[in-house]
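Two complexes come next, and they have one chain in common, subunit A, joined by subunit B in the first and subunit C in the second.
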Partner chain A sequence: MKHGRLRFLFGALVPALVLHVVFVLSPYAQAFYLSLTDWTGVAGEAHFVGAGNYARLGGDSLFLDAVRNNAVMLVVVPLATIGLGLFLASMLHLGGRDGRRGIAGSRVYQIVYFFPQLLSLVVIAVLWQFIYNPNTGLLNGVLRGVGLSSLARSWLAEPSLALPAVMAVLVWSSVGFYMVLFSAAIDSIPKELFEAALLDGASGWATFRRVTLPLVRDTVQVAFVYLGIAALDGFAVVQVMTVGPGGPDGATEVIGLSLYRNAFTFGKFGYASAMGVALFFATLTLAVLALRAGRKERVELA
Partner chain B sequence: MNPSPSTQTYPSRRSILKGVAGIAAAAPLLSACVTSGGDDPAPAANGGAKSADNPLGVKDDAPLEVVIFKGGYGDDYAKHAEDLYKQKHAKATIDHKGIQKVGEALQPRFVANTPPDVVDNTGAGRLDLATLVAAKQLSDLSELLDAPSFDDPNTKVRDTLLPGVVDDGTFDKSVLVLNFTYTAWGLWYSKPLFASKGWTYPKTWDEMLALCATIKGAGIAPWTYQGKYPEYINDPLLSMAAKTGGTDLIKAVDNLEPNAWKADGLKAAAEAFAELAGKGYIMAGSEALSHTESQAAWCQGKAAFIPCGSWLESEQKDVAPKGFDMVMGAVPSRTTSDKMGAAAVQAASSESFLVPAKAKNAAGGMEYLRILFSKQSAKAFAQSAGTLPAVAGATDGLTLSSGLGSTRDAVTAAGKEAFTFRFRTWYAPLAKAVDDATGELVNKRATAAEWAERVQKAADALAKDSSVKKYTR
Partner chain C sequence: MKRALPHVAMLCWGAVTALPLLWAVLSSFKTDQQILNDPWSVPTTPHFENWSRAWNQADIGRYFLNSLIVVGGALLLTMLLGSLVAYALARYEFRGNRLVYYTFVAAMFFPVFLALVPLFFVVQQLGLLGTYQGLILVYAAYAVPFTVFFLHSFFRTLPAEVAEAAFMDGCSHAGVFFRVMLPMARPGLVAVGIFNFLGLWNQYLLPLVLNPDPDRYVLAQGLASLSVSQGYRSDWSGLFAGLTIAMLPVLIAYVAFQRHIRAGMTAGAVK
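Take a look at the complex of A and B:
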């Protein structure tokens, strides 16, 4: 290789590499180290405490609440979002009368469903806090308006309803994006396949089950990874919207919130770092498992 | 898929080594982080000659950096004190910063050992005081307290403050923080509303329950509270317990003594609030309302009482209708054998001013506080902010609004029986546990006994935790 070219390559790569190391890799490495110390976050010194912070995690009931809630979210949020996203995308593409076209006005729906994606998560959380307001909120207002006032609840203040209320917001805010993603995937399926299914007399459900789903499998899998990571977070919505926040009494606590509170309210950055490292490995495991699980049997179209 | 022809697309050993060298070159950029270690520089020798006119020995030309939390009170009062400082030390340049997120701005500066000279550590994003204290980041202010006050050279600064202010800033026998405002907590109501209905503010809990029945009968919810943040309804509960059990109960709680939370006073207070909820005297839906939502509902006359600190009046000044004239009353007594009188009130100073231990001009920082805590500065603050300052007699001769006037009267009536719990400042995790438990109590998901049980468990766990610095009073 010519020397001039090598020099140019390095000149182009090194600044980016240095920035990546300083602002991405080094904070990661530091978090791993800090998780083994008692750093308070306000002093220039930290003492090594070994694995003590990790041992503590197991006895922290609020952290265990957070793990439980994140686990529930990890199951419900991706399944609900992907289910709804796939349903909407198929309706918009194949829901029409002849089974090859979308339902009437599908382009408008496609744009409207995407709207929540344009709002920041904090704005969404604030809006939904108003919607869930027990006395003046939209949700209870509608329920009372249609004569179902017995169903009106204090949505965010009842332990059994608070987490579902939070998950509904997460699903609502992300389903539009996944609908667009799945639409693109369905678009790339050759039309002949649907026509063939139609000629064979396949029902809408059978077409979806036997043709659409196997051919958008890769996209669904990627969606699972993204949504799984989002479900392990949930910090912004919980912090803005819930009672406490994280309540009532830990009912909506998430790992990110525990981490934030320990670091910035309790001044235990070392302990919070340990939570961060635990979350890092949970996310990593999830991504690896999700990608492994779907590696088999890929359908070749050509 | 066929293997690609073997052109070398993988990095060679040499290129990897060069890459590593590049990473090593980035190392100096990381030296400002805590993990890089290194020694703390010795605090800069500061201060000039002390004299009667300059009791703290401020170096005349030393620059002064002041960081103020610019919240509801603004920061004009701080600038006013800066002008007075400049009149005394003409050669000093003052760098004033009025900001909202004090913690975010100052945390890296404490870590890098280059903090400002005086800080108003207040607001939602403030740094945790106990953490700062444990990390030895704060200067001892006893020199300032023993210096002659700005107004009168014959009175020490210590003697110009309201009761409890010095205690509030004391950690392990040294005074490290000086709080500028004085807050009292109680139950708020609209005086004209009560007058028009012929209701009188209850002195005992039995009277309160009787009045609640009357209020409910009139079609108004007797109570509401800031349900999204259960700490608001904690204050009247703990106040009631403190009045029953007296100083002994307060000290036992703050000192994390075994079974402190199971004391009769606390149990009785918890039962009182469980009863309040059980009888339906709390406005439906309160448990999910934020402070702005519940306080607005109260101002609209949907509820008669709301628990809050004395900042309520200024917080509601754009919401409360004309002639609402809110006033604060002391929390009613639970029993007839309470150890404190009916007028006893929970009061504490807040808006914490501190001088960082590693400040370059610590003497200047203390001098600034000496000026800020003068009667002249405090009076200007009371007028503009509508809040009691921590300086005695600062509101003398001022015409006060109804809320501020009632706060001052409550503090005066309480006299020596103004009390406060310290555990919230000392042990933030315990405060969180109490808030959660009280939220469950007033929503009828926990009984008074369960409440005491779980809070005691949290307190015991904290007492056993060797990683938490303990304080006693």
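Take a look at the complex of A and C:
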């Protein structure tokens, strides 16, 4: 029995561990080392340059554009998505007769709202490339249809509109998922709390602020981390949808795109790895900050 | 008035979500002329030839098959390895148990971009660049950590008595796992399996870097390259058909199994 136990554990763990070490752990470890070299892909030709790559990042205007764009996305995308998601989730509940059971047709809404979450970001990016098309796109078509043709634009070609257009796609693709998530969190709030608020004559807004929001706080916090990580990425949508990609004139450049281009177009593997390390520390900081902020005051349900 | 607001709000976002998708499906049945001149109209006669053109000439059919092979293989491997590791760590006490667990779980907090450059050379040196096997192994390697994390807590909640009884009856360790514990863990396996399937099916960054051979392109890759390649720039209807072919199977499967899928995906986020 003892022998069989050891053999089973060995067989269960070793194949996965080998796969993990070869394809996940070793690349992550190598990336930190490569970021300190000037490697261009020729075996044995990596020279140690210390912090040289990191110093060059500070003078790379396209990379700085990318950092700025990712920073804007990091603020706007989570706020807009969570705001809309929370709003829709409470509408879903408010519309029901007793404030809890849910609006008529809520099952259909939950199905439809979830659609974009199931699609690959590439499919979404190709779709929105069509929608933003200045001549034949859906967006300008709608605007012209309702007599607002003066608002029709070439959305992805104007530097001031391209980044908002990208962010709109990211928000569009994730609102439904977070609506469903928040809706489940609201479902788990004891019904009595809403009844008490109703009896006290609290308005819809007061109920939302004093009852709903404090009790879905943990879920909102998780949503912030996930959306923040997605906002630090943005690669697939930008690479497929925007002109250049990353254009016009760096207006939609993101860190992932800079990394990809430097590595696989220019062959600057050391320099690209330095970007990866920078992205790693940004992700880490975000996660730590978000989890710290949530620890302050937690409402306990008796 | 107050009663109406929730309904109006829900309908508005419903339209914002559904209209673009509906528009793409409708456009896939039109001619290029209709798309260019009249983006709004409903097609008078459905042009199914767009679909066959996309499937055959634009190679969407081949990309679809490639995706099926790679994702199917990777999903099987991920579920097998992930459940074995999760079970062994959750149910057996041994030195280094925690270390192995955190080795897997820590990987979830690293951005894939960080690994991208060295990963490319690892796969190249193993001679796996642009092969099904290479993609399957890498896909599985990056899907196993979350699978372990999810199933680990799941196996812990399962009662110990059934396994003990099976041991008494002379069942081997592997036998207990495959014949007793795995069937009991079915709800968890379904949830994480759905989560993994969608994640792998929609993967883009890894194949973009590791799968440079156009004959082996997966669906997302093929669609992206079609949308930028000059030759198909003018074939709007074909591209819309390709887009719809990529979109519909997932959406139809979702409507059929929507409860399970929503539960699986939201569980993935809360965990």
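The definition used in the following text is that the second predicted complex is superposed on the first by the 275 of 302 C-alpha atoms of A that agree within 3 Å, B and C clash if a C-alpha of one lies under 4 Å from a C-alpha of the other, contacts with A are read in each partner's own complex, and residues count from 1 in each chain.
Basically, a residue touches a chain if its C-beta (ideal position, glycine included) is under 8 Å from a C-beta of that chain, and two chains touch if they have at least 3 such contacts.
Predicted, not measured: the structure shown is a model, and the values here were computed from it.
Asks: Touch test for A:A12: subunit B only (first), subunit C only (second), both, or neither?
Replies: second
Asks: Check the contacts made with subunit A and report whether subunit B or subunit C touches more of its residues.
Replies: Between subunit B and subunit C, the winner on subunit A residue contacts is C.
Asks: Contact-wise, after the overlay, does A:N135 reach subunit B, subunit C, both or neither (first, second, both, neither)?
Replies: In the superposition, A:N135 touches subunit B and subunit C alike.
Asks: For A:Q30, select first, second, both or neither according to whether it touches subunit B, subunit C, the two together, or no partner.
Replies: After superposition on chain A, A:Q30 lies in contact with both partners, subunit B and subunit C.
Asks: Based on the superposed arrangement, let me know which partner A:F208 touches: subunit B (first), subunit C (second), both, or neither?
Replies: Neither partner.
Asks: Once chain A of both complexes is superposed, is A:G250 in touch with subunit B (first), subunit C (second), both, or neither?
Replies: After superposing on A, A:G250 lies in contact with subunit B but is clear of subunit C.
Asks: With the two complexes superposed on chain A, say which partner A:F264 touches: subunit B (first), subunit C (second), both, or neither.
Replies: The answer is both, since A:F264 touches subunit B and subunit C.
Asks: Could you look at A:Y54 and tell me whether it touches subunit B, subunit C, both or neither (first, second, both, neither)?
Replies: Neither partner.
Asks: Shared contact residues on subunit A, subunit B side and subunit C side combined as an intersection?
Replies: Shared contact residues on subunit A (touching subunit B in one complex, subunit C in the other): 17, 22, 26, 30, 34, 41, 129, 135, 264.
Asks: Under the touch definition given earlier, write down the residues of subunit C that touch subunit A in their complex.
Replies: Residues 2-3, 5-7, 9-10, 13-14, 16-21, 23-24, 27, 35-36, 39-40, 81-82, 84-85, 87-89, 92, 94, 100, 103-104, 107, 109-111, 113-123, 137-138, 140-142, 144-145, 148, 172-174, 177, 198, 201-205, 208-209, 219-221, 223-224, 227-228, 236, 239-240, 243, 246-247, 250-251, 254-255, 258, 261-262, 265-266, 269-270 of subunit C touch subunit A in their complex.
Asks: Along subunit A, where are the residues that touch subunit C in the complex?
Replies: Residues in contact with subunit C: 4-5, 7-9, 11-13, 15-17, 19-20, 22-28, 30-31, 34, 41, 84, 87-88, 91-92, 94-95, 103-105, 109-123, 125-131, 135-138, 141, 145, 172, 175-177, 180-181, 184, 204, 219, 222-223, 226, 229, 232-233, 235-236, 239-240, 255-256, 259-260, 263-264, 269, 272-273, 275-277, 279-280, 283-284, 287.
Asks: Which of the residues in subunit A end up touching subunit B in this complex?
Replies: Touch residues, subunit A against subunit B: 10, 14, 17-18, 21-22, 26, 30, 33-34, 38-46, 49, 52, 62, 129, 132-135, 154-157, 159, 243-244, 247-250, 261, 264-267.
Asks: For subunit B, which residues count as touching subunit A in their complex?
Replies: 18-19, 22-23, 25-26, 29-30, 33-35, 38, 40, 103, 107, 110-113, 125, 127-128, 130-132, 134-137, 227-230, 284-285, 287-290, 293, 297, 428-429, 432, 435-437, 439-440, 443, 445, 467
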